[in-house]
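In what comes next, chain A is part of two complexes: it sits with chain B in the first one and with chain C in the second one.
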Partner chain A sequence: MTGLLAVLSTPPEGFHAPGTEIFQYAGNPELCLIGSGPLCIQKVTLLMLLSAVAISAFFLMAFRAPRLVPRGVQGVAEGLVDIVRRGVVLEVMGPDGLPFLPLLTTLFVFIWVNNSLGIIPLIQFPTTSRMAIPAVLAGLVWLVFNVVGIVKQGGLGYLKNVLFPPGVPAPIYVLVTPIEFVSTFLVRPLTLAVRLGANMIAGHLILTIFAVGCWYLFSHLWTPGADWVAGFGVFSFALLVFMTGFEVLVAFLQAYIFTMLTAVYIAGAMHPEH
Partner chain B sequence: MLGAIASIGLLAAEAAEEAAAGPENPILPDLAEMIFGTLAFLIVFGVLARYAFPALNRILAERAARIQGEMERAEAARTEADRVLAEYREQLAGAREEANRIIEEARRTAEQLRRDLQAKAEQEAQATVARAQEEIRAERDRVFDELRAQVADIAVELAGRVVGQALDRAAHERLIEEYIDQVAGSNGSR
Partner chain C sequence: MADLALLAQEAVNVGVPIGKGLVYGLAAIGPGIGIGFLVGKAVEAMARQPEAAGMVRTTMFLGIAFTEALALFGFVLSFIVS
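And then the complex of A and B:
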């Protein structure tokens, strides 16, 4: 709020394009909202926790007294679960994957909500654009699919199936095995985290640029002799609206892709490639 | 519109706010955020796995059972309806047969009755006729007997008269005439 007042009270002196500094929330004691020190709760962590509370409250409300014929909140919640059940689990894993439905639904809803925070008015910061959530979730997925592989195929069997896929001529394993190792155990979690984080960073950066651009251009209305510059603010505003709509789509899509890939990885660990 | 302007302001404020902080690599995850992010995720997962999904699965199972039950009930009702229809048809056919049988029997009974009555009537008629003939015959015989007795009487009387009176031709004829008249008259009166 102090920042908002500062911007409103001082006329802009030249356009300053926002950069990666708009994602800096950690390591600054001034930003602590609750508590102090490096582990204090600042805006991003508060939003994460609030999103968890909101999602939990939503699902608890939906299934507190479930009806045979779903209505209202229950209908929405069942629809969400159904997206994951039909679109991801049954599509990718088959009925065997249904035990993973709670995990995959949690992933999908949690990521979707945290992505969508970037376009919810007055919040407007996707917590997934901080690398923490993508990294943690990618690590969790990595852990889950490896554990599933070890449990289903046995430690050695799993390693053998991953590193030495059958049906490959023996000398080619010199090439295949390192590639499979890197792609399964290193690249998978990395791409999973970076795909989500980078998408949300880019989206938030674009929205911020057009929003700041709008502000800068419109503020020329009060500048004598340069008020015509404010007219260009219309274009910036139009793009801001368009990109916000686009981010609605991206928020859903990235959550869906993350969930889908998780399902693919777990399914691969359950049933070795033939 | 107001909200949009407010959010533009907020985003700008955010930019200004963040510009004040020191440089940081945005690609590297922050420890505090990882901890709270994990916590947030686990809260959601815990609630979903512990409360939402059991409730959802219960209601889904209940729904499936309900639909299954409805379908089974509908199937049972259909089978029952088929059975009842078949039973009614059978009963109807039986009733029709029974009715036909009763009608046939009634017809036969009526025919029998008619024949009996006819026979009895004929018999009675014959008996009546026979009785009448018998009576007629008896009457005739009686009349004959009576007549014979009278004729004898008359003949005796006539003979007496003929003997007692002078017989002339005219008296003779008159006597005969009288006699015939008498006979005819007595015969006609009878």
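And then the complex of A and C:
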């Protein structure tokens, strides 16, 4: 018993709990594969660009010579489009949201693939866990729903519908207007970016902690007198497998939620509350 | 005097990790309760009216997304606190 306590309570040599440094290429923010400074292309940028190329190639291949009865790649691609079309656009926006189907499908597939990079063996880094990527995507969504609102309702009409929602007693506007301003123009893009980024950061941290713990505990197999500690590695390994399965779900769910919220924001800008 | 400075430094050393944990822990209470209520009610609605399950599920995910944001802010803040 005292042996167990001694092993568990002394800070083990060589064990470092993974922290934020795992989100940098080789733990070094200055390290670049191509270029330097602000144009630095490192592992994360390269993965993101490669995923964009792969997605483009996939859809080009699928719809290069479309058939009436889809086969092979075309069937998969049509399935993806159908998830967004039926599960997001028709559900949230109705038929007049269909012009936004290409945008939403692209967002969905891009985010899903980039989230899934976190669980693909040998890559195992979700590029969306670097805040810059969710931030740019959220900025894009912010731009789109504001432009849609201005085009559909006119600049002043859009501002009036957002800041002064009808059906509210006049004195309450003192409270409602600032809240609506902050929630529509500031909190929306912020939560959109933080939700995706923080989920992927948390997922990657959990996987790394269990993987490092697993390796560390199993490495005791060769330590004389402490080889029984390796037995605890089984629990770490079991959780690692379980959490990897969970991340498969999270990667899909976060892409779906991001797409759905985008659809909700665009639909809100198209049809003001009456 | 030097002892006091040392003590203050020690308090900071001990306090920062505790604070980091508290930031996330406290931020998770509200959303935890909220998501519990939300999903419970959604399941109730789906059981009562299975044909409306699709609509309920979409709205449920939307509600979860909004509720969860608060906990995630706490998660991000726990990295910023130092």
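Basically, the second predicted complex is superposed on the first by the 254 of 274 C-alpha atoms of A that agree within 3 Å, B and C clash if a C-alpha of one lies under 4 Å from a C-alpha of the other, contacts with A are read in each partner's own complex, and residues count from 1 in each chain.
Definition applied: contacts are C-beta pairs under 8 Å (C-beta built on N, C-alpha and C of every residue); 3 or more make two chains touch, one makes a residue touch a chain.
Here the structure is a predicted model, which is why all the values come from computation and not from measurement.
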Partner chain in contact with A:Leu249 - chain B first, chain C second, else both or neither: neither
Chain B versus chain C as contact partner of A:Thr208, first or second or both or neither: first
Partner chain(s) touched by A:Ala170 [first = chain B, second = chain C, both, neither]: neither
First, second, both or neither for A:Asn199, with chain B first and chain C second: second
First (chain B), second (chain C), both or neither touched by A:Glu91: second
Which superposed partner A:Thr20 touches (first chain B, second chain C, both, neither): both
Comparing the two partners chain B and chain C, which touches a greater set of residues in chain A: B
Which superposed partner A:Ala52 touches (first chain B, second chain C, both, neither): first
Touching both chain C and chain B, counted on chain A across the two superposed complexes: 20, 194, 197, 201
Sites on chain B touched by chain A in the complex: 3-4, 6-24, 26-41, 43-45, 47-49, 51-53, 55-56, 58-59, 62-63, 66
Touching residues (chain side chain A, partner chain B) in the complex: 1-4, 6-8, 16, 18, 20-28, 30-31, 38-42, 44-45, 48-49, 51-53, 55-56, 59-60, 62-64, 66-68, 77-78, 81, 101-103, 105-106, 109-110, 121-122, 124-125, 127, 130-137, 140, 194, 197, 201, 207-208, 211-212, 214-215, 237, 240-241
Residues of chain C touching chain A in the complex: 54-55, 58, 61-62, 64-66, 68-69, 72-73, 75-76, 79
Contact footprint of chain C on chain A as seen in their complex: 20, 87, 91-92, 191, 194-195, 197-199, 201-202, 253, 256-257, 260-261, 264
